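As written, the chain order gives the labels A, B, C and D, with residue 1 at the start of each chain.
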């Protein structure tokens, strides 16, 4: 069924509907962002390719290494994480690895996977205050004050319900420092992140150290990623743990694995037994 | 509600229900496969981490590079692939990037994402025939014969409906050759893969060249990955393209993006108009 | 590994972790909200069961009929809807019907599936103004004013980019009127919905008639459903169309169905061809 | 970019790419299978609509009631089912109800959601043997023998790991008997199902009674649904429980709900602590 007849070229319009700057293809030819795939293969790492695909350019060496490190550092936090538990349960239900991965990846939402994105936004807001003339100390203090007075409870990227100190964060920040020393990144967001830690401690009267999300957010902010991509990159990273656990569960076997061994039945705390009234 | 009362330690049983060899955790401590995360960070690449998580050991240098290359080579094949189109449409529906990625990743099933897994299985079957004494030529010929006489139509990993020659395959095989020359891998599956190409051409009377799935399957087989993990690794790889397209679509905007511009309505070829009978 | 040793009964705590008021089970016994399943079967319809499961009680006859009607009225809007297109494409990728349904259902987010939820919220806000003493006309005018002055662009539940008049809306409202006449519902939200239409027309100088989401939202509001459940109920409803299309596509066949026939390639409007720099 | 130039009408070809018999639409007009939506609304129930959408015709009264009953009978089996646990965990991760439902629905695969489909296939195979002249007793015995000698372990639709007798099955079969007595269905598959139970008991020396999947499969087979749709219908049914539990969990609150309370850590049974070797 046709639409507007006065359209100059409806086929062109339909091809334009799917227009993209990412990939160009002809029979026998594939180019990403203008680079021929056969030239990229062997010359560009997986991390560089992730950058190229999402950003449109190739990163420098230090940038690529930091991205690679951020990705490798957040792959897994064990079966108590809902995403990992879901992957393992799904793997026993008769679906493919891709399906088990999808059900798990799907729950990396604002609460489970969004802290990195929120932390990048927070750091960027601090940086903007500084661009507008505020000092580091005052920019951080103002942004934290705005966060808590706006009803925020847990500053994204700081504090951990399980780890008193997250062993990943200081190590990641040290690598940022090294890259900054080499001129690969500015180091600005590592400074901001540390000042947030300092200000939080002073405000709360106890250490609330930076966690993995706060540390990878420093890296993603240093590398210039827009905040929403911090979520996307975390999804790529955590997909590795999701895959590893789904695969291990497949090898362990089991059918329709529930959250606890099946002889333990949940607590029922609803209505007492009652007869069905006539409601037809 | 309790179950068996004679259980020595029900809490132990419940913790065992979620047992894993992948990750060990205590407050302030995270170890993967026995390695402390703070030692892994900065020393192990994303590709090495993927290997460690899924295989349990750290790979050698050539192995890690080949894995990295296989992952970077298959990230995207454009918006005509259902997974990519789904990612882009999902991104316009008011869901998160993680959700758009999940809907897309979910369709990398036997047809869309399974060729690599099937090709690894095929190569491994050939290798098994050779382990049992068959020559390369005869093992490949027998396995191909078994495939087609069993009703197979398209040998997984060979031929492409769009590319006369897939530009990724020869480049990847060359890297396998180089790694084999350095002793990093055996090179056995590259030989098998090429012989499959030769035998197919002779059988069909025309070239049916190895495609990206056949080439990455050579790498995954060389690296000793079980066949189902070839699917899992492809999922990790294609997730990059899925993310890039979902993100580009987010920036392009649009609401409820359909498969074609909205003035074009699908063809209806069903029942003519009819009155609703009384069926209450 | 054990946790707190001073816990009175850790098994109880674990069973409580999964506590629910919805379902009680013992070997040979299943009760929903206190009703034995063998009594429910044959006495309670699917729509009544949906109500029971989500609300905790059994609905009256008119209530159940209105819920049933709202569910049956929104099952499908054709393959131009992203959810339906996704279901059809997924069905060609070698995944199960459940997976195809999941990828599609997943995109019923704020933009694609959220208008009903938002419309229920809007109606409830109007009703609250009236509870606080405002007249119908003034409550509706104030709420609309608040919506547009707050930056809203399209009032959820009103207007349609394809249908000048949505044929489902007036029919659904008539059924609400009939149920109200029988005393099954109050009819209050039908009145509010119609006044919104009137006010919108006066404000915009043209009719912006109620659409399917606005009409089912009238029903869900009449029935007392919390707004988020309006989204959930729409998911149940649209899942029917999703299933029907996934199944039809399965029967039509096809492999890796893209959004348009495969000889049409998307428009590439990115970087011109460029050589890969040395970035290793 | 254009494709074949000799195509009579490329726009027609593109509209045909999305052709369907399910829904016809013009501005202001929606028809399903030829029926105008405004006529269906108020005259056709949700169950009848499900039939119409998936089968193409409207069912008779007894048929519609049996379908409605099969759908209402399988909505939930509690939080020990992976799908329900997933829905509840997902609801705490900061994603929408639609996303929580999708992650859960997605795992209704061959093991978790496939028994109904497999049971319909099994019954249909028995019926085919009878169509070819075998007696009921011999057809059932042969089909069961074929199942177990082919390596089958659990006959789909019979036996339950939790319920000695599934309270849903006898009740559902009784309703099939009643519908058969009224001539609404043939009753053939109820007879087959009961004979399977008899034969299994004789073969195994103990009762292995029909479960919910076996009983709903009797209904779906009586109603003439193709086996794969039995899976699809189960997905619609279980989506109700999934929604109810996701919603209850939302109201209970919680963030990143794991499978067990967070002070209990999984058992780690992998590699002892080891230093990271130099692998850069």
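Observations
The working rule: contacts are C-beta pairs under 8 Å (C-beta built on N, C-alpha and C of every residue); 3 or more make two chains touch, one makes a residue touch a chain.
Everything numeric here is computed off the predicted structure, so don't read it as measured data.
Of the two chain pairs considered here, A-C and A-B, the higher C-beta contact count falls to A-B. Fitting chain B to chain C on C-alpha positions gives a rotation angle of 180 degrees, to the nearest 5.
In this assembly, the chain whose C-alpha centre lies farthest from chain A is D. Chain B and chain C have Cα centroids lying 34 Å from one another.
Centroids built from CA atoms put chain B at 21 Å from chain A.
Averaged Cα coordinates give chain A a centre that lies 28 Å from the centre of chain C.
Among all residues of chain C, those that touch two or more other chains are 1-3, 10-12, 14-15, 18, 20-23, 25, 36, 40, 44-45, 48, 78-80, 85, 95-96, 98-99, 102-103, 106-110, 113-114, 162, 259-260, 264-267. Taken in their complex, chain D has these residues touching chain C: 1-4, 10, 13-14, 17-18, 20-23, 25, 27-30, 32, 36-38, 40-42, 44-50, 53-54, 68-69, 71-73, 75-80, 85, 88, 96-99, 101-103, 105-110, 113-114, 162-168, 170-172, 174-175, 228-229, 231-233, 235-237, 239-241, 243-248, 250, 260-261, 263-267. Against chain D, the residues of chain B that register as touching in their complex are 11-12, 14-16, 18-26, 31, 33-36, 39-40, 43-45, 48, 56, 58-61, 64, 95-96, 98-99, 102-103, 106, 259-260, 264-280.
Within the complex, the chain C residues that touch chain B are 1-3, 10-12, 14-15, 78-83, 85-86, 89-90, 92-95, 99-100, 102-104, 106-114, 161-162, 255-260, 262, 265-266.
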